[in-house]
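First chain A sits with chain B, and in the next complex the same chain sits with chain C.
Entry: the complex of A and B
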């Protein structure tokens, strides 16, 4: 029983990190809340299904989904977001419009039903319980995403430039950094992570126009409570909410889990209006 | 908020404004004698939605609080009325109760958000998340164990057979279609006039002042958080009224009242009409609802696809909305004409 609870908690934390890291990076870097985040995930899911149906192995489909959605994100940044920098509320509204548009478009093209793939994964049993082996793949990918993002930000020159722009865009551009390029790349990277998240969810949920809707609420809560530092914020908020969600879902149901996460989040907002990392000046 | 997009503090309405209101009221009274029932039903639902848009437009345009979750109070009002009316068999008291429950909830939610001093964008996203969670929770109540009193919540399917409003002087018969028309038209007109007058009072001026510069109002000695909470709760009440009227209009409540499309539509009504006026949201609701009904009948498959494009175009091209943009165009032409006259 302890094993099951622990497993559920770790799974919830990983799922939260998976679905919210892309959103957190775009928000932390650019102060843009991308309301089309869920739909970016949905596009990733469809890209994955199409690739697998075309005969590609699953890992290649994941990579293709991340790449495709990343490129799509760059297009969106060039066509919509770049006109709205500094107008936070307008980016929120425009990305909401984009989200409706994408749901409508995908429903028209692929129909409202869910598309699934026939990928088989065995079960693992321990502690007298059976667990789908795929959830361990999901946990691994989720942790991998965080670690890779951390490595890029910490160890590479690109990461250094991005972190500098994040701290002070004016100084960075005074030092010769092309701010537009950094924003474009960051938005693309965030979108790619969303696409990857959507693809990774395919073996569990399939791909459907409403895929984004299932996860956006959690992702938004996570990012808001996480605060302005994407990595630390995501890890901290995911751990907190994943624990609550996993535990409550085990005792009651997943909806009660989500409701209790929301209640804790609203109370936390009263105590920490800027999120968990709101007081931290620098970091990731 | 960028000052040029915002509405200014209102002066007391002039005599001609009262004349126009009286004329519109007269037209509403006469209308059911001249048009058929289908049009009355269509207009009633537009009035209901216009109330919802007014609640958001007031909060956004005048108080500077962008709440994406007016659908929380809309849905909560509708559900509260359905559950109370079906349980008690009465309709008058449940009507009041269904206004009080969402108002209390908006005070609670508003307290946590506004007294926490969270930034505007956090407030928007939080309200959005709350409405999403409401939808999800209601959807999960399809089992027979989810009952309030004697009413099953029915999850996805919603609650059918919500009783219509009965008035004591009508011998206990529920409101007819004309009755609902009068009720919705009257409610919308009254709320519009009340908000317009409210903006000329001290309270109205203070909330506009807070929107312009919260810190300055605070230094002038106003408890800005209390004023903002007041505006939030007032808007919640208006949205709840809209929700109750929706339940009365369709005799039906469903989780769709809370859903993201519904929330997005409210935003679209307000942004299309223009948030810097009170008439803008009403106008926007009319034009968007009419257009989407028309799109539905000509067979454009996905109306959300079109609505999404409309929202993006308005944010990028006409961020002030139709009415203020048209007003600007008129003002420009008038200045040009006047300028030419002066040059001569």
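Entry: the complex of A and C
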């Protein structure tokens, strides 16, 4: 019972971190609200399915999905986003339009049906209860994503430049940093994380044009409550909501789980309008 | 002779008014080639199109076959298609347009209960006739509406009978989509499971966007049922079948479902996930009858697609053909004449014999119990012949209350 609850909570937290980290990085770094985040995930899911169907092993398909959607993100940044920095409502509209376009395009090209891959991971028995082995893979990838992002930001020169630009773009460019390049790279990295998330979800949800819709609301709530610091915010908000959702969904039901997450989100927004990390001046 | 512009318009508009006056044309015997107009409103785009794409083609195929056989009442049939884009607002807009601008003789379509409830009042207002080709929660009592699809009692009773009595899977755990179809179907499941001597351990509802089923899968394992009953609906809920197979597995606790296969899920999930799911349906591609084989072949030739066809495609064909049979019996396409001729009309279709029940304007039909196989299809296990729409019959009597237009919630 306790082991199951713990497992469900950790799984729930990991799912939330997985689907919202890419969005949080783009929002936290550039104050761009990417409404096409869900569709980036959806593209990652299709990339993964295509790779697996072409005979690639699953881990390679994950990498390919991240890379492909990352490159796609860079193209989107160059063609659309870079003209709209500092205009939050305009980026909102532009990325919303992009998301509608992507859903339509994918439906036309791949059809409305969900696509599946046959990957067998089997299950793990513990205390008379079966657990899907793949959920442990998902938990590991989700934690890995956060750790790698933290390492890049903390230990590399690129990370230093990005953090500097994030704190004060004008000063950073005064010191010779190419701001455009940083923004482009950051957007691409956020998109790559979204693509990876979509690919990792394929064995659980399949790939369908509506995949993004199922997760984008959760990701947004998570990012808004997390606040402007992408890593700490994502970890904090995911842990909070994941714990509530995992526990309540198991003890009561999925409906009560969703309702309680929303209630807590509303109360928190009233108390902390800028999110959990809203008062923190520096950090990640 | 020179015509001034004003004179020209006067003459021309007079001629147009004369020519378009139906009665005049009919008297002159000129209406012979005047087509019967059929409106089909379905979602070719948007999230609901997994239920519609095949049905759109099957309806077109039915009209095509009617025309090839010489039309209806000696007149050709013209199909007008409207894409409602998975948005009820378009159902309302196009239904109005079909009656007002295109002056259609019958309205076919709508896939969700909400789209149907948007269009039924419009059909009433224009005194039209409406064919709703879907499986739904039952209870619509309206002479201007007919539904050739399954209602819960019709479908759940045979499935429970098979699962509880023949397979001996008595303790059930029920999962259903959290809206009227799921809520009502879950009640019928509980009722029939108890009646057949089974036990319902729990009932749980899921909003349509839930994709994480790990919590309920854990609860199912603690409850240790003999079988899990599903009335889950839509894309997101298909995740359940993946996650269930990856944890519990149907070998340990089997699955029985009412809506599985309607969106052709069987053809898109993996063989492991499809194999062993028990369903009750009025049509599967693999029915071993000549009618079914012929329908599947004709549909594949007509659509140029070589995939699993499924029940919702057959609904489109069935509904259109049943309406055509009613028109033949009424010897008129006028909605009021069609309404009066509904009772007892039959059509021998791909899933067996379909008989219109004039008390409810629903259909008495064969219900087939089938199980998912590794080829992305189903194997037939057993057929229950001529099941009546008993739940709707219990609350609706159009013979006694011809002016009824309500949707009743069946009392349990």
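The working rule: the second predicted complex is superposed on the first by the 283 of 284 C-alpha atoms of A that agree within 3 Å, B and C clash if a C-alpha of one lies under 4 Å from a C-alpha of the other, contacts with A are read in each partner's own complex, and residues count from 1 in each chain.
Note that in this section contacts are C-beta pairs under 8 Å (C-beta built on N, C-alpha and C of every residue); 3 or more make two chains touch, one makes a residue touch a chain.
Here the structure is a predicted model, which means the values were calculated and not measured.
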Combined model on chain A where chain B meets chain C, clash or fit: clash
Chain B versus chain C as contact partner of A:221, first or second or both or neither: first
First (chain B), second (chain C), both or neither touched by A:271: first
Touching partner for A:4 - first (chain B), second (chain C), both, neither: second
Contacts of A:135 with chain B and chain C, given as first, second, both or neither: second
Partner chain in contact with A:104 - chain B first, chain C second, else both or neither: both
Which superposed partner A:255 touches (first chain B, second chain C, both, neither): both
Touched partner set for A:88, first chain B, second chain C, both or neither: first
Touched partner set for A:213, first chain B, second chain C, both or neither: both
Stretch of chain B, among 135-143, 279-287 or 333-341, that runs into chain C once the two complexes are superposed: 135-143
Residues of chain A at both interfaces, chain B in one complex, chain C in the other: 104, 107, 213, 217, 253, 255, 258
Touching residues on chain C, where the partner in the complex is chain A: 45, 47, 49-50, 53, 178, 204-207, 209-216, 218-219, 221-222, 235-236, 238-239, 242-243, 246-249, 252, 263-265, 267-273
Touching residues (chain side chain A, partner chain B) in the complex: 33, 35, 80, 83-84, 87-90, 92-94, 96-105, 107-108, 213, 216-217, 220-221, 224, 253, 255, 258-259, 262, 265-267, 269-271, 273-274
List of chain A residues in touch with chain C within their complex: 1, 4, 7-8, 11-12, 15, 104, 107, 112-118, 120-123, 128-135, 203-206, 208-210, 213-215, 217, 246, 249-250, 253-255, 257-258
In the complex, chain B residues that touch chain A: 1-2, 66, 109, 111-113, 115-122, 124-126, 128-130, 132-133, 136-137, 140, 260-261, 264, 267, 271, 301-313, 315-316, 319
